């Protein structure tokens, strides 16, 4: 209850920021709309401003902004000539596909390999894995994507260079998504690997591990029957808190692979000063982050009985 | 020891991977392009790659889609090779002696792609529709007093003041079918990702932004010369590197960007592969260094001349263009424009530049190597630039350095496009780097007057010159119809630029467009380059 | 016939601050006939008791090295692989470890954790194992069994958790039960309950109890033999009743004197650091009856009718 | 064996020192002044070990000078973030009550802000400058530090020595700075290092998008120019890979140091508890 109130306050504050930031910045949204060769009289200009709601005093604009949000109306994009909800709606599924599959794969890969690495004693294989993941972790996401694009799409020609699909069949979509998902997966896996590894190393010396051995378990059976669940607790919170971060990673991946997703939309809207779209995306991402956190709050007690209430 | 270096080793092995793959470059890009490849019995497909990103399926307002739509919804007039307006959809255009009544006669073999004929009613509809609903066409409201239909093919336009260049205006707006667009209440809020009715040889079939393709098919009711191409696909790339890779890999057949060349540095590779041919034209537009004429010391012509002398145009040509261009002249306008008048070539002379700066009152009084203004105040110049446009970032770096060499302190203010426009409109800069577009060179009274005339506004327009002499020149040009006098006025504009230097051209560049050898028969349009109606009608694919 | 025979067992730790010998040439017999089966190992905290227990269970940490022999059914347990050990542990040799609340896994239910023993060693399915766990708790009279089984360790008191550990440890009727400080930190009621359970377990299932404790009461109640450990060595080993009546080693005497009912006399000084144990008799710096020889000469163990003492007084 | 054993942390320190020295003595170490121009697009040879770029600048020299920008942005941002996080965590944990509620509420809000998109927006709207990017990163990345500090302060403030200091009537300032701060600073240092890593990656990413400071040739800007000027297409690895690898390596170094400090910390807590 207290938690959900906090989320509501957070949403309110971020939404409010979302309203003011673009308006506080230099640049006129009309400048890009009209192009370089135009003759326009003041009256049409005023009409246009009125149409975009830019003529009202700020408080009125602010109230309108809120009433629109509450009606799930994100306004109208004069760059994309469509409702913002449509513009975002058309791209959101692709981004969600990219982000969703990457989180899934990245979390599996990262936690599993990280758990193995943290569990087994130092060995060359273990060390190489850690160094590899550490390098990926330390690489800017665009650099990783570019390396993959260059090697696998261009040099080897195994994958297409751009877009989310060509023909639209699922195998075709798969081929288009393989490298982007790979980039983001590796990037996320590296993060979860390091955290899981550290977490398992901490858990490894706990008393319950000794007791599990005393019961007759040994080796990886202890890891999977006892340590894994405990060690992966921080990952759950991390994935939720990371949601914004993951989206930004997706942004760079989308730009490199020319995918029509939310990330590229931010970039395009940014250069076009498209306030409504920028605000819309920021809002959607914030809502998703909050939802992810609330979901984590809901899921966490299921795997960690210690925080369960009223039992 | 080995362990300590293992982090380094992994990264080195990445480098090694890169190196190993590098020698493969000759063969692998050509192997097995996985995207759809046409076999002989398939329809002939022409794939055009561009970074001119279409962002919405709106042929009027999306700057890039409207560019491609000029083959589906052509303009009434077009610019011919001499860069003069010429009928495209109209057969004849006549102006009355007082230049206030214009009569347009449409060609009679034009049909919309749904089979209906193109009529004068469509012309009237288009003009009134744009007048009422399209903000940038505001001039129609102020200028056109009556549009009347004479017969199916003839329409008469009356305007409220003599205007000799009305035909120029008809080279910009696409013709819209009345029976489709009259139901579209607000073009600002309209998108159509499906088939768009047009009357050109090709029509837009689908605008699929997720696939990143605008697909065009032949207009079944086109009565003109038949195209050998069945489908034109415009592939949209979000970055130029990937586009270049796609071209090499033959995912696409030609590279096309409005008023932009294929990156010069990638040309050698394409030449080496032997799979490509190139079309070259000198750009109508150019990159320039503009001055804020409202502020001293930029308001002093001596200062501006000194700046021009301080620039090393030869090095700019070599470094920025890799010699794919020409050394500009002080007359600003490149020779690709009609009525070009040779003026003095820009030449580096630091000594003379320093002398003229001294003369203009910018001296280095405290001997710190940098010049001060008359009152002893440090002279700090702000160079406004949008680094997202090609060349701009490096150009500003070089200009900053050249000016420092003659004792002028310049700080680069890099901002993205929209802020650039607002700062430019508020005159909050001293120097500015920008470019002119081919169309921009022709707007207003042509010869780049549109960029300088203080009475105008617009995205790239500096509107810095309010010299009555220049404004009178513009007005004379706008009202002139006699070709001979027109030409001499154009020369006077170039002389004005050379003398007064409202801006200095930084580079005159070639536009080089590579295309795959599988196709031949390309036509170059001075404004639109390789992508134009004539090309689509003449280009054909080699038989395998 | 003894079921567990410890011969000359030493355990050395290598740590960052140097090597230390936590268990020094210890020999013990569990259930030597004809006396009672249970053996108690008593001594102060840090004397090496727990290390000895872990060595017997094969649970020594990686930086420990054991030498000597721990014989069980003719095999030296020190030579077993982890896989071989896993078949013994929890089944034939089981353990009640210290700190029950930490030893239980916080994220699994009590029922799951008790039942696990059946799943590991008897291959039972999850449900069957749970049923058997229920039956086990039923016998221990832990109250509302169904509810308790579905609870988590953090919802139990320390004493409850201790009894859960005992339940799991005796579930498969092991031959040997190593219990490390099972009564530590419990109040009197719980303590007697725990002691009672251990006693029943020993009596019912022919399990030999190896009790490691500093609690002499519990040792007296549960065990027929007492071994006293000091600074890694066994200093005295005897039949319990006789030992309590008349301990021989000065350390054992001091230990008994520190009991509340015997005067509550604290032993002067501190136990020595195992990294650098005193020369000669290890107890001599604190010994009220030390002699010249104690300083330099390490006393040998003398045996008198099963009564072992390591002291110069009893040569 | 710990996660990042002594070998790892030593690798981190050595790497870090290499970059630090490069940044400090760039003028001496770089073979040429960064603005001196030679023939453009020269492949690596004896004079130009990593060749030259499109303007003819020596890439190795640019790389060495670039370390300054990356390190400055990283350190600057991390410093701001750490000071903010430390301050907020201290106040929140020490005074508890209303201050704690408000500050932790603010922290929650900051945690939920999509930070990279926000930075991109700010960097695009404001004048792109390395200082600004550093400042914005610093202003956004203090939350986890604040949380850690707060929970540690909550523990420390109940410890004997702090309680006795309070009974003796020492001022809050004295207690916070002399009694509490020394006991949490070791927690903050690893966070500081990890924030440096985040800031450097963020700076590089922004520069790659063309939102960086064109006047400061950071490694990200170098990459941006390399891509713009055809290095990828032409396979000019000597221009592309070094800045990317330098970013990666210095981040690896910083992360290794941070992780090993963090580990020493948790090990210390385990031993102490």
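As written, the chain order gives the labels A, B, C and D, with residue 1 at the start of each chain.
We take it that a residue touches a chain if its C-beta (ideal position, glycine included) is under 8 Å from a C-beta of that chain, and two chains touch if they have at least 3 such contacts.
Worth saying up front: this structure is predicted, and the values here are computed from it rather than measured.
If chain A is disregarded, contacts among the remaining chains split them into B, D | C.
With every chain reduced to the mean of its CA atoms, the largest distance from chain D is reached by C.
With centres computed from CA atoms alone, A is the chain lying nearest the middle of all the protein shown. Two chain pairs are in question, A-B and A-C; the one with more C-beta pairs in contact is A-B.
Annotation: 37 Å between the Cα-based centres of chain A and chain B. Centre-to-centre spacing of chain A and chain C amounts to 54 Å, using the average Cα coordinate of each chain.
We define each chain's centre as the mean of its Cα atoms; on that basis chain B and chain D are separated by 42 Å. Each of residues 124-125, 227, 232, 248-249, 252, 256 in chain D touches at least two other chains.
In chain B, 3, 6-7, 11, 14, 18, 25, 239, 245, 388, 415-416, 419 are the positions where the chain touches two or more neighbouring chains simultaneously. Taken pair by pair, the chains that touch are A-B, A-C, A-D, B-D. By the touch rule above, chain A contacts chain B in their complex via residues 25-29, 31-41, 44-45, 47-48, 51, 76, 78-82, 90-91, 94, 127-128, 131-132, 134-135, 147, 149, 151, 153-168, 175, 255-256, 258, 260, 264, 268, 270-273. Interface residues of chain A facing chain D in the complex, by the touch rule stated above, are 6-7, 9-11, 13-14, 17, 21-22, 25-27, 118, 121-122, 130, 134-135, 137-143, 146-147, 150, 194, 197-198, 201-202, 205, 241, 244-245, 247-248, 251-252, 255, 266-267, 270-271, 278, 281-282, 285-286, 289-290, 293.
Listed in rising order, the residues of chain A touching chain C in the complex are 121, 206-208, 210-219, 225-226, 229-230, 233, 303-306, 311. Within the complex, the chain C residues that touch chain A are 57, 59, 62, 82-83, 85-91, 94-95, 97-99, 102-109, 116-117, 120-121, 151-152, 154-155, 165, 168. Within the complex, the chain B residues that touch chain D are 3-8, 11, 14-15, 18-19, 22, 25, 239-241, 244-245, 248, 263, 265-266, 269, 318-319, 322, 387-388, 390, 393-394, 396-398, 401, 411-416, 419.
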